[in-house]
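In the two assemblies presented below, chain A is common to both, partnered first by chain B and then by chain C.
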Partner chain A sequence: MGVTVLQAYPMPENKSGAHIIDYLSKRLLSLGATHAGQFLVDCETFISTPQPHNGTPGRAVHVLHNSEYPASTFSIIDSGTGKQVSLVADSIFDLLMLKMTNTFTSKKQTKIESRGARFEYGDFVIKLGSVTMMEHFKGILIEIEYKSCMILAYCWEMIREMLQGFLNINVGKDFPSYFAPQTIMTAMGQQQMHAKHNDMYEPTDTVKQYLEQFTNYRKHVSMHGSVSGGIQGGLGGQQQQPVHMSPAPVMGAAGGFGLIRP
Partner chain B sequence: MSNSVNISVETTCENQIREIGYDGTEQYQPAPTLSESLAKCAARIDFSKTSLDDLKKEEKTAAAAEEENKDGTQFQESLWPWDAVRNKLKDALTEICVLSDVISIAKDKRYLVLDPLLEEGDDTKPIVQVYSRKKAISQAAQVLLSGAERLRNAHSEQRSRNVSDFHIELLRLRQNWRLKKVSNAIIGDLSYRTAGSKFGMSGTFEVTKAEEASDDDSASTSTTSSSTATNNGMQMKASSALRVIVPAELQGVAYIKVITQKDQEDLCTAQVNLMGHGPNITAQVGVWQKTLEFAQNVLFCKELFAQLAREAIQLQAPIPHVVIGNQIRATLLPNIQLIISLCHSTTFDSNQPAPINDHDHVLEHSLHQLLREVHYKNSHHPFPHPASAPLGPSKKRMLAGPMAADRETLLDMTKTQTILEQIIAQAQHIFMRKRTQYVLDTLARDVKDPQIVSHWNAMNSPTMSCVKINIVTHGYDAIGRTSLVIHVKERSLKCICRDGRVMRLSYEPQELRDLILCQINSHQISCLVSLARCMAWTVLSNSNHLGIGKVEPLGNASSCLLASPNGDRMIAVQIRCDPQIDVKVYIARSPRQDFFPSPLVPEKLWENLGGNFKEVKFDKIEGKSFLNKMEFLMASLTSNTA
Partner chain C sequence: MALVSSARESLPHAMNNRVLPNLEYLLQGSILESAAEHLMHRLKGLCDNVDTSPEPFHDMEVCMSLQQPNSNQPLLLRVRRALGRDAPFQIRYLGQPEVDQRRPTLVRSCMDCACSNGILEFLTEMGFRKEFEYIAKGYMFRKGRMKITVSKLIKIVPGKQQDMANEPISQSYIVELSVVAPMGQENVGEEMRVFAEQLKPLVQLEKIDYKRLGSMP
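Here is the complex of A and B:
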């Protein structure tokens, strides 16, 4: 169990997801990684049924599973105000959610999952996942885990170098948006900048990163028609939005993916 | 002029309708007047509650019935409800008057006297009474006397003989073993089934009275086994009133023998035996205790051996285990075998064979504990939290969900080791530890110059021990010390040096020896470097792996080059270790003595370039150790002249 970083892969317009996955796996295998099974991360969302009257969105309960922790079920409650409460429970939690259909209804159409192959390369575990929502392909998420380290600040540079090496994309120098310093309220009621990259890494952090990415993919349904791939404010530098490619794409090691960074 | 309006106020008509006329008018029953309602209430009083008035009640009911009939014809409403009440009150008044008359007459005592009733006297004769009492008392006396007689007999019997009662013996037996009564036989159980064992062999024994029992009249008196009790002090052959019969396959004495063999030589042996070789604890109880304990021991050894044999057949080892008869052979390391055998001798004699002298308590205790652990796991299951969770997974597995355990951790939880694997691992480790100790001790004995001090950890696990080795030179401990830690595992060693290098060695003892020699090598040079600094000599260079000279089987030479404080002397030291530590020391002086200006090199200043190195007869130098000699050498070569 080590530090895990999620990286969304910028999809070129005229390539299919399967092709990209194939291309990346070939690169990994030639690098010397070994294929080690499959992985699956899925997320189902439940919305509280009695919609509150004052217009705020109801509370959402996200239930996630990660095949890397097969005995556990993760759950995150998202009240409309942005506060998130996370929970790690035994797999029997899913049965509990089935009983809660009176209070929470499942929005079946937003069931989203990331599935793909898992590669092991020394101390790294790299997962190439294709994100699908109701059989529609949404994008590609790369998950990279460095098993020897538990604090991101110590190994971010190495992870970044690894990502840039085999993905051949530009990864920003800053920490991913999930780990960026945030203001939190201390116990004494003061606001304080808290740097998440100095904390010990926990399995719930992986799941929260996935939730963040999945939420973006869900919001994309509304933004699907945008041409220039404008980036929503508030998303960090890690978001790689689908980019409109010129009619004659230049592929290959030199890379032709233009990025728009905030 | 306002017209007055007539307002009619009517009550709600609650009265019953008696009659409806042909023109629609309704005739109501008039509402009951106050007196009528009072009469109704009074009529409800039940005067017949008292028991004395039962007869009168009948009369009254009869009278009331007559009156009803009468009143039914006359239909006098006002008198009818009160009539019954009036009659009842009238009767009550009559009786009260009579009672007061009687009491006043009785008080006068002239015409009426009240006397108490006399009891009737007994008309039986007193003699009959006496006779019946005497009989009753004599019967009671008889009962008491017979009871006392019985007690006296029992007491005198108990004192007269020295063998205890059957029932006392049975009580002691029940305190130590599980017994139950089946029809008219007493069956006991000496197996470990209630402790969690699942062995198929039954351990039931039967308890009977001893043969020399004499029959008595009363069934409850104890039987004695007379007199042939020879009560020697040492021999516990006291005959007892009961006998235990154990099954035939559990008779005798059994023990499990564990031997580690190297090429047909016995290296170490171990015995597994439940019977302690301590003081004989069966002194107080009868001879049956020993029999039962031996039988239980046989059962335990059989179960242990059966379990080991089953595992030996099921396990896939690189060199397969061999099970022949009552022996299991397993290979620990190449040429080293572990032999576990079950020895069962059915002729039980009191002079048992003397135990084997090098008794390995550790393996014996381990096998016993391992089987006991299996029994414990069979009978104790961890309770699930919450109570609705399935019963079965261990506490770690139940916590794995909420703690987000990853796949490797979950896989590790599923791996279990059988008893045979565990005992093989422990035996391998014991062997590796003995071997490592032997290597270190012989090296410490042979190499005197730096001293090798090894500190073994007092606490270790059955499959891993640690030793810390310090290499110091006597007298120069403050100058430098080389230390390393060796983790002794089952088939390998792991060495961690002070500078962080980790080396993994196999089970060959030569590898450890070579490693220590190399460490001695580098110790000498590093201590020499520190010593030179103390002596104000300059260290020009040193190297741990020179790579010069002929190829050595063991590492490379290490060297050091020192210059004196005023630069006129140089010392070069080279240490090899092939297989002994070999030290060569050379000295050079500058300016060189043998410089003569030649046409090629005319200037005299070239004599300062330094002369040839000449070897020193190092073993002839005074000094107790290498560092001591070097110190003297450096001291002697240090000169004051500039």
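Here is the complex of A and C:
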């Protein structure tokens, strides 16, 4: 395992997702990368009903799986106040979630996944994922991992060059937004700026980047509710509601990430 | 090329094949501190790993509960952590005991899940509240798939972090004989009953009827 950066591929107009994936795969293969299996990252969100009488806000528990870590279940809870706590557990945790269906109900219509081919090139692993929600194509996510390094600050330039050279994506010099400095609360209760790009990278970081991107795709749907609302309304008779997420998708304002690192 | 599947898809498969959830078969008893030494000797003789001394353990357990709407039974999860050893936290879900009186042991569904150390904060954010906590310190023996623990339960005095400050709940040791096995293994109970017979002169291991203990969580 090493530092991983997740990047949304800007979708050009009048091109299909399959066409882009095909173009990127061909490009990778002809530049010397080898095809090495498939991958899948999926996310399901459980929502609790707010209980105003005792002041409990509605909470969202995101449960994610990553085929790179097949025995683990990753979960991230959004308390509704901007605070996030993450957990890595055995995959039997999914069964425990099912025990709580009275309190936490699954938002089936927001099940989202990124699935596709996995390529290797030396110390790099490149994954081209098509994102689908309820069988609807949403976009393309490119995951790039540099296996020999655990700290982003030391290898960002190399990853960036890889993204630009191999995949022809224009990437700015700054660290990706997930690694941007953020305000955290120290154990003493003081606010402090924390430079995430110097942290030791962990598998949870990959999953959190996926959640950030998935959240954006889901938001996109709730903004253009009419696009899928009709289809989903017909399925379960349920009203399309915007998914509860913390107000700020980008960690800068949400903060607290540094605190919950194990 | 084989398509990868998510754990989400393999779980229903495991449940259909009755690999999950597991069942816990349990017998419990207690022994006075003065007699515990005899029991330990007996167990050393009866159990596997005769060459090695019994495995000591020192765990802290916190029971968390979640009030569920449309149900008067709260959901209980037990979080266990080894003190003085670096090991993942464990969460355990225990179901209601089966009512079948003919079974020689208590039988309940059981799910064990290792997790990272943010679990208590995670459960608190989910709305769980702390129900009770204690420390168990003692020894574990193994015989085949049976697990025998002899341990002392220690009350945690709030505000005192030191182990020495905490008081034992009683001068007796709790003795537990348990097996966690997949469903449909009927002979487990019998195996345990036979083993419990062998300890009879020292400790009476019984199927505890939790309903008779009142509204204990």
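In this section, the second predicted complex is superposed on the first by the 213 of 262 C-alpha atoms of A that agree within 3 Å, B and C clash if a C-alpha of one lies under 4 Å from a C-alpha of the other, contacts with A are read in each partner's own complex, and residues count from 1 in each chain.
Here is the rule we use: a contact is a pair of C-beta atoms (placed from the backbone, for glycine too) under 8 Å apart; a residue touches a chain by one contact, two chains touch by 3 or more.
The structure presented is a predicted model; accordingly, all values stated were derived computationally and were not measured.
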First, second, both or neither for A:99, with chain B first and chain C second: second
Chain A residues touched by each partner, larger count belonging to chain B or chain C: C
Touched partner set for A:48, first chain B, second chain C, both or neither: second
First (chain B), second (chain C), both or neither touched by A:90: both
Partner chain(s) touched by A:39 [first = chain B, second = chain C, both, neither]: second
First, second, both or neither for A:198, with chain B first and chain C second: neither
Which of chain B and chain C A:109 touches, first, second, both or neither: neither
Partner chain in contact with A:75 - chain B first, chain C second, else both or neither: second
Chain B versus chain C as contact partner of A:182, first or second or both or neither: neither
First, second, both or neither for A:61, with chain B first and chain C second: second
Doubly contacted residues of chain A, that is, touched by chain B and again by chain C: 70-71, 73, 88-92
Chain B partner contacts - residues on chain A that touch it in the complex: 1, 68-74, 88-92, 202-204
In the complex with chain A, residue positions of chain C that touch it: 1-8, 10-11, 15, 20-21, 66, 68-71, 75, 77, 91, 93, 111-119, 121-122, 125-127
Chain A-touching residues of chain B, taken from the complex the two chains share: 389, 397-398, 400-407, 410
Touching residues (chain side chain A, partner chain C) in the complex: 37-40, 42, 44, 48-49, 56, 59, 61, 65, 67, 70-71, 73, 75, 77, 79, 83, 85-96, 99-100, 102-104, 113, 115, 260, 262
